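The next part holds the structures, each set out as structure tokens.
One chain, subunit A, links the two complexes that follow: it is found with subunit B in the first and with subunit C in the second.
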Partner chain A sequence: MAFPLPRGITPPEISFLAEMEMVTILPRQRLEGLELLGGPVEPLLPPRRASLPLWLALLLKRQRRANILPPTWLHPESLSLILEIETQHHEYQHAFSPPPPLPGQPSLRDRGQRPVAVPRYTPDGGRYYPAPPFLPQNVAQDHVPSGEPPSLPFHWLEVGTMLLDAASDDLVDPDQTRRLLKELREVRTAKIRSGVDVLDVASTGGGGVALTGVGAMEVGEGRGFIAGVVDGLRKIGASKEQARREQMAEDMANGGYDATQDDDDDMEF
Partner chain B sequence: MSYYDIDSILTDAQKLPCTFELEVPGLGILEGNPGDNIKAGTRIDLPLWLGEMLSIGARLGTSRLVTLDIPSALSERVMNALKADPRTVDLRALAPHFYSLSERVLELFEEEEMVDVLINTFKKRASEIADHAHNPKGALGDGVEFLRGLDETERQLFRVAHDSAKETRIWAGEAKKR
Partner chain C sequence: MDIDDILASVDRNDVSTPESAALDHQLLTRFWVAERGVSELLPWPEALMNRMMERVRKQIETIEDLAASSSDPTTTNNSNNNPTLNLKLSILQTDLSRTQYLLRSILRQRISKLTKNSMHYLLRVSSAASSQPSQQHPDSQNNSDQQPEDSIPDLTAVTDPSPLSSQELDFLRAHQTLLAGHFGASFLGSFPAQLRRLDDNAGGVSMVQGPDPREVVFVRCLVESVGVVVPPGDGVEVETVGTEMRMGDVWVVRWEGVRGAWERGEVEVL
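Showing the complex of A and B:
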């Protein structure tokens, strides 16, 4: 209790983590390859594009040694499309627009298919299944696969804000982008707020609430409040939950209940 | 709820109406007459911790010393008001630790309906709190009336929500530090 910071991580820490995201740059100067802790950086040769961590890209941009190519989703057209999904689409009235699909995950249009995990291989030949933040979601793409709607990556707010701050001259129509980002943020904050109604599901044993598509900064912002509400609901409902458990145990003892469901006694949040 | 939690200590000190079933010699000090006896059938408000202990006989099946009653903060009248509109009730005036008190009371009494009413109240008020917490002016906006009626649990919730919203605004450069 003496620790002064609230539980969870603070916004500057979240944006620090977001700086690990890879972005595409167009170097203006040569630079030899660097051996960084996060992996080697290929040598920069001016007309050729390269993928760098965001922090290095921002550094080079500030020194006017490179231009950043904005990711596909940070385009006014994509953003307004996502905003339309968030506000108009009846399926997403109370949900968040879907995150970018993982490799092997079927896209939205053929959602009946089973996802097939696509492995990748490390230089040593070890197999792994990449997931964000180790998937490049913020690099510029030359050709957008047709039929693939744009989607917001996990670190959309942080990357978007940082690029608007440092590299607004590289973006397409920065003012419009800024306005759209702000609008998206407001729409989604309102959704998180109205989501309080379903939180009592999370407070009873075995329940949960899906947070698919919620960004890192939004999770960080809502963490204290949501955890507090769930905790409060759990405390108030404790006696009812107790009664339910007893009822369940009784049913089990009577044999009318097949004991497949395991009873986890202390579900603490 | 932990040993050093001030809020749980303060919850323990909240009053619960108790009726003595037996005559107790020398306990008149509770009533304000030191040295006297407490007669059977006397109604006194006792702190939660004391009432809970004295009523324990009731649960063991032996003759009980006191019977407990539901405190006025959780009376039928309040429940009806909460059912009608959770937002207009001044919980702080009823009990500063309203939810912690009701938690403890619900451990003592079986009140299924009260649980539902309280859960609904907490949810409705929580979304209202979130609205106010995102107001950059803090507790000074037009919600003063509502925010004054928050109980201790809700105040903490408001503080957490307000702080995280503020931190994010500071990070985004929309607000200045302090």
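Showing the complex of A and C:
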């Protein structure tokens, strides 16, 4: 009974993670720079904007010491555009709308370019590629590059809900935003449900199911069900898989096996 | 020498800068999510944990100094500074609690994994230390004084407790000794001697259960492309590569298929 929680981070833990996202604030009072365990915090000098972790921004907001500038994607216009992509766009009928690109990944406009991942180095010499919640996906942008469709960040539901909760007076149109977030959530939940059919692929060795564009909370919600179904299917199909592997070993011994003919259809949902 | 190596050596030099604190915080957070999401125990990140513990210790000192100066009656003349000081203190304390929560959650999750599959990890650590693990108990079958505690492997020769930390190994040995003693006293003692072991593999089936590396995890691909591997087994001797993940993709795949990529930092567990 050392630890009662199930495998995989639970919704409260996902919110905890989302509170590490950086947001833009407009401070109302001065505060010198601090050196936190989570990294340095820049000095607050009104009226200059500053980027802070969400938990700190909410702490200052609740004490009326700062205003939070909502991230670009949380504007009703952006949200309705994303909702349109999710519902109307033929390409994304069974898939989530594309997530914001990682550093080094080409944006949606120039899709033809090859991604180049640029690592940082850890003190132990390992490679480290930053990912959400440590990317500036929720900071306010003054000018949006033209032709760039808005996209939902990984922690969209948590950040959106927390900002609506604590800083609704800073948002452009909180009621409309709340309604759009709810609609997006329903559309995307329906996509997860309809994708159950392809889970069989993830239960075979070397296979997998793509969920690109999924949000953190959606992973948290679906984790128990998806992992349970896939593990159940794997146990049912264990003898079939073993037979397939033995057949493969035989083919390899006869010298004619081509590894690429393995059924690795990457179905998305 | 590559430009990457030069950059790496510059990055690695100083671990006391605020930037390296931010990086370590990100590494710790990512490790926490992975440890919570994966069925088996991940290798103990010794250097990272030592750095974090040192930082936490220093931060507690800083907070105590600040708190002492705020309550010190001799410095109350600058009372207009006090509101910011209180705010600063509460920010520092919140930040400290968040980091301590991460550390505690990692440790508790690891202890939970260890106690769930205790014999598996004990045998794994002891067999990595000695090259011939099978000859530990030559006449275990006919020994009439057989006790459940005898199945705990001898760990005196263990120099590298990976994937455990040395404290975790001490805990695990003590835990398993108590558990075996309790089992022996409560019911195994009344069994025939040859049925009292906790690592029996009569009939070719081992009773020691380990975590299942085939359980699925959610991962995000962080580099240009990562292949999902199928490790050797079932008569196939070589590793084969199945589906290929592209940068930014989120996939549901078997843990054994991406373990190598995770160790290289090319995927992250969600």
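Here, the second predicted complex is superposed on the first by the 239 of 269 C-alpha atoms of A that agree within 3 Å, B and C clash if a C-alpha of one lies under 4 Å from a C-alpha of the other, contacts with A are read in each partner's own complex, and residues count from 1 in each chain.
Simple rule for what comes next: contacts are C-beta pairs under 8 Å (C-beta built on N, C-alpha and C of every residue); 3 or more make two chains touch, one makes a residue touch a chain.
As the structure is a computational prediction, the values presented were derived from the model and not from experiment.
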First, second, both or neither for A:35, with subunit B first and subunit C second: second
Partner chain in contact with A:197 - subunit B first, subunit C second, else both or neither: first
Touched partner set for A:223, first subunit B, second subunit C, both or neither: both
Touched partner set for A:240, first subunit B, second subunit C, both or neither: first
Touch count on subunit A, higher of subunit B and subunit C: C
Contacts of A:125 with subunit B and subunit C, given as first, second, both or neither: second
Shared subunit A surface residues [contacts with subunit B and with subunit C]: 199, 223
Contacting residues of subunit C [partner subunit A, same complex]: 4, 7-8, 11-12, 15, 18-27, 29-30, 33, 36-39, 47-48, 51-52, 55-56, 59, 84, 87-88, 90-92, 94-96, 98-99, 101, 105, 108-109, 111-112, 115, 214-216, 218, 220, 222-224, 228-230, 233-238, 240-254, 257, 264-266, 268, 270
Subunit B-touching residues of subunit A, taken from the complex the two chains share: 1, 6, 10-12, 15, 161, 165, 189, 193-194, 196-197, 199-200, 217, 220-225, 228-229, 232-233, 235-240, 243
Interface residues, subunit A side, partner subunit C - complex: 2-3, 5, 7-9, 13, 16-17, 20, 29-32, 34-41, 55-56, 59, 63, 65, 99, 101-102, 104-105, 114-117, 119-131, 133-134, 199, 202-203, 205-214, 216, 219, 223, 226-227, 230-231, 234, 241-242, 245-246, 248-250, 252, 259, 262, 264, 266
Subunit B to subunit A touching residues, read off their complex: 4, 99-100, 102-103, 106-107, 110, 112, 115, 118-119, 122-123, 126-127, 130-131, 133-134, 153, 156-157, 160-161, 163-165, 167-168, 170-173
